[in-house]
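Just dropping this structure here.
The letters A, B, C, D and E name the chains in turn, as written, and every chain counts its residues from 1.
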């Protein structure tokens, strides 16, 4: 009865995500920061103290005057908008399998078997595509045998996909499966299984749209862009551990605040690391992070849907579901 | 005769929205601010005053040099653009029900009942989808019984949706209803109820587009992004209550202004909280806020529309609406 | 022979727009600014002068350090992009009426009357929709009688739209008209007036797209966002009239420039007010401003088009327009 | 054999574009700058020198503290994205004419004449549309006679377009031509010239899409926005010629650099003027600038294409093009 | 079994990309920087040292106060979003060739030859288009002979494309090939080779979409924009080699850090050059860079696909691929 999470829980959950995202970095940051504080207070002679103060204030100047935030803002903005587009255009199996099921003449003897075959192949093409970009799915299905064990792939199909001598196998595997689907459509047309012949081309077009959508999923923001942003943010955070404008504050109380309660540098650090993390997650939306698109769940949903489809073909509303229909 | 609100009223109304959005935060901000002023003026000895002045000017420096606004600007910009996309792509029930009604042969004896069934199921799928993301709707319809009481769900349908032993129920409920709709389309085709057979696939495609649109509605900006932004803005506002650059102003008059009329910090505070609120509302556009998409009103409109549809099927323009037609 | 305005004229025209947009604000700004200058130079004793100088330099610091421009930049950027989307997706009547006209069999005796009816209703639905959001159109058509006077609405139709006892009238008026159009489509199908039966569904889909487009036009940027931005910009401009960094400039000449020729503050003021105005106009693109979408002109064009349509139905290219055709 | 320009040439070419874009402004800037330098060094008495130094350092402060760049950045960003959308959605004549040609039955005796007529009218509608917004095209075709001379318009058609008494002429001319096209489609349907009757509606929809695309081309960023940005940038550049922070630099060498080698102000000036020029060009993409969309070339391509179409209708692949076909 | 690269490798790979992108610039930057350091420390007399210090601190002021980053941020943002659009809309050959193959009646004797012809011409049009914008592809296919050698072009076709006297050749070559395709479609219709006649128009529309997509690929961000940004970034980096705020730091240790370990200027330099490189790569996405779209690989994939298509036409699922079908 409760498909949605209560808000308080969701609130706590998202803090957990932020915490998981940031605790390692925070630990390193704070250890470095306090080590430098200890060094400054107890480990340096008078001239070294002067040098330390001069150097840290020189660095503090750089953390303030260069617009690091602008670069990161543009990057994360671009990445998030990319994420939304990906969310919207991620390929689904439901549309094409339902369309095929509904295009077939009802009461064909071979109907259920064909619907089953088509739905299974769609899911198979989907899994073979997402294995290329999605780590968790690759861990779930490390090889074709694992896919066969889950019932998505038959022995004979695996043999064809693996057959090295077969000239077909030089093509990417998802494309092989999509070609089987097209051949099945052709056969359905030849055997006169469609309600209307014009459905044939509609189904072909749906398969081609599915294929294009699979292809688009693989394209992504060039990895080197992310690497460069990561480098710069880490560099900035390193400077941040050192930067402290001690010479500008003669007041002992403030100097202690700066040395032992670095709340202001920490919040800067927090903004940068958190913002970077979201940008990274948005750039690679099929990973392990909790804010990523949950491909495993999607995969299960697609498998379930393919099982339900047989019912859609065989059931009749008035006999199998309801009795009150007109 | 006046479907639009006069501008003056709308002006006042939007101020009310802003006021409601901000008054609690403002109160806390001002209490903190003035408490610190009182503390500074009456509660500290001379050295504490010096420390206070030093600390607050240290914080004031941070409120000026770090580009907090850029982060918030990018966040709210991303969120608002997301909101527009959501507004445009929010699923509606009118298109698919009208399409179905107009595809049927006129004068079928079972026609009105079928149109009614289809329209009701569309609204049902819509409500079951929006209950997942929309608090007010979940409060309106806390369980299936509430939906049944409003006449959208029949006893027998509820039984099927609730039937735990039925293998169908492991699927999300909106999908179950959408499958009923597809079965009804199949039946209409088998019973030869369409004016043209080709309408069958058109209706199937319309249902699949409705389903995808429902699915997209649930996707959203990762909640952790918002949480991180909220954290940072609250942190900034906390610093803002403390930051006051008293040492830079020897003039007693300005020091009093800073202490007792914090208009400049308050406007900064206002910008941040207001901007954050819009970003938050845009991220979760189906909430309770007055600037949110009014899902309850949409729901009512969809229900009303589904009732009107039967007229669309049975009425004739020249007999039931006008008499002057050619 | 000259449908485009010469550039010089257009140049002058756009200055006129800017001037109209800004002159009232400019006047208030300059009066405040010079009043404060006069007060400072002639109305204050020595201590008050010191206080004035201290206060104004305190405010001047805020106009420089806080990134007001970023907030406004993001707002206007969002609003302008929204405006382009609106421009592109604004509903038009031509497509659906032309489609209907061209779908009908030529030489039907009732053809011209039906085309006329359909075209008129489309314009009627368009006007009833835009009256909700567009002030100039509401002033042109304050009530249904005004629409009837312009010949777009018949007496009998008005009666139905106004009939309070009729259960139809609880629906929004544009929807009532759209239902008439759908009924007319149904009748055309039943009376076998289409060239091809498949045109029926095409026309239904076109009407539904028109309806959705009308619905989208009403959605807009939450009014409270604009209000908040307006508040902040006015606040900033108030501060700008007071802010003057007199103490930083001992030189008498510069002090006079600052006091009597506030060109630098004025250009800041100009940027803010102009930018805000464009943002506002973009947010409410159907208003009275000269840079707004000219709905009145659009409305006229749609009405004219609906009159031309009858010719499109009855005319033959070779008899009524040209004689040289093959 | 070389349809692409070598890179070196392209490099030089783009420098030429930048140079052409900026040399006049640069000249004025540098003359003003050096005049002020000469005035300062040789034309002022001691007190005037002090005033000059005070004033220029007051202005220098403004060039640094106000975020002029942000406003310009947002403006050019918005304009460039608009340009890309325009590039993608610019109406083309190929699609609709090819579609019509391929929809006709082959071997109609009147076929070539009709294809020719339709293709010519499409180009005519295209030219009449772009004359409204594109200066070079209006110079090429100052009136209907010029269009007739190029063979796109016949005497009789011109007469109709010019006929002031004809009630048709109150409609915009491109729309008149589009109506001729629709009438030709209707006639083709009546005369049973289509391979399949369903092509009729497809062609009508293609013409309506062409019409909408023509309409969208005319819409643009409000001219007043550009004017306001131009005003502000020119104002900023004027300040830039005066601003020089001489008092902050006691060193004679740096003062000479500032006075005689204003490379740093010039690069600021360059960024602003170049950025503004791109923004302006993007806002009015059909102008004379070398980075604009080359409408003349497009126009020629469309005219050529319309001539080729007759071949597409009459030629047979196996007889007229190749001999080796199966 | 491993179509994806391990992450560690990918990590190293992207560093290599960044390194390749930046090492030449870095070398020049560091050589200039250290040369100036050596000059300052050993090559100047006392007054020259003072001048040097004054000049470098004057430049340092400019690197901090002008918002160079904003310009670059907007530019790279615009360019990256353009890149994503290009990635998504890049024309592919699969859709149209598969559609044609599946539209033909099975078992036509001339079927395989026609499918082969159509698929080859599609690839040919694709290659002729991308040769215009893509250097690597032009190096692979420097002239038509090279294309013929790879088997994509026949002798007779090459002759037609090269025939200078033939009036056809004034049209761009990709368009000539697309016209052959349209003629082939027309012939297929005349010879009654389609399963359904309505497929004819579908195929024509698919070819027109392919043509438009090819045309869009050639359009790009005006080259002069990039040139202007490059100029400004190089200028900024030149200033960066000179700018060093030596006078602000009396401390010898910090002065040595500034002179010999320019880590802070270098990271600024790194951000600018890296960001610029990504912007440039995104603007010209079909070049040689490793982060560019790999057109050569795409080309191979399209050629392979065209070979596979004959199988799709001739194979039967139950005879040639599987034996277990219903």
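Please note the rule applied: a contact is a pair of C-beta atoms (placed from the backbone, for glycine too) under 8 Å apart; a residue touches a chain by one contact, two chains touch by 3 or more.
For clarity, every value in this text was computed on a predicted model and none was experimentally measured.
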{"item": "Distance from the mean Cα position of chain E to that of chain C, given in whole angstrom", "value": "40"}
{"item": "CA centroid of chain B to CA centroid of chain C, Å", "value": "25"}
{"item": "Two or more partner chains touched - positions in chain B", "value": "67, 70, 73-74, 77, 81, 198"}
{"item": "Arrangement of touching chains [line / ring / star / complete / other]", "value": "ring"}
{"item": "Cyclic chain order - from chain B, heading first toward chain C", "value": "B, C, D, E, A"}
{"item": "Partner chain D, residues of chain C touching it in the complex", "value": "1, 3-4, 10-11, 13-15, 17-18, 21, 64, 67, 69-70, 73-74, 76-77, 80-81, 84, 87-88, 92, 94-95, 98-99, 102-103, 106, 195-196, 198-199, 202, 249, 251, 253-254, 257-258, 264, 267-268, 270-271, 274-275, 278, 281, 290-291, 304-305, 308, 311-312, 315-318, 321-326"}
{"item": "Complex contact set, residues of chain D against chain C", "value": "50-51, 54-55, 58-59, 62, 65-67, 70-71, 73-74, 77-78, 81-82, 85, 110, 113-114, 117, 131-133, 138, 143, 154, 156-157, 160, 168, 170-172, 175, 179-180, 182-187, 189-190, 197-198, 200-201, 204-205, 208, 211-212, 215-216, 219, 221-228, 231-232, 235-236, 239"}
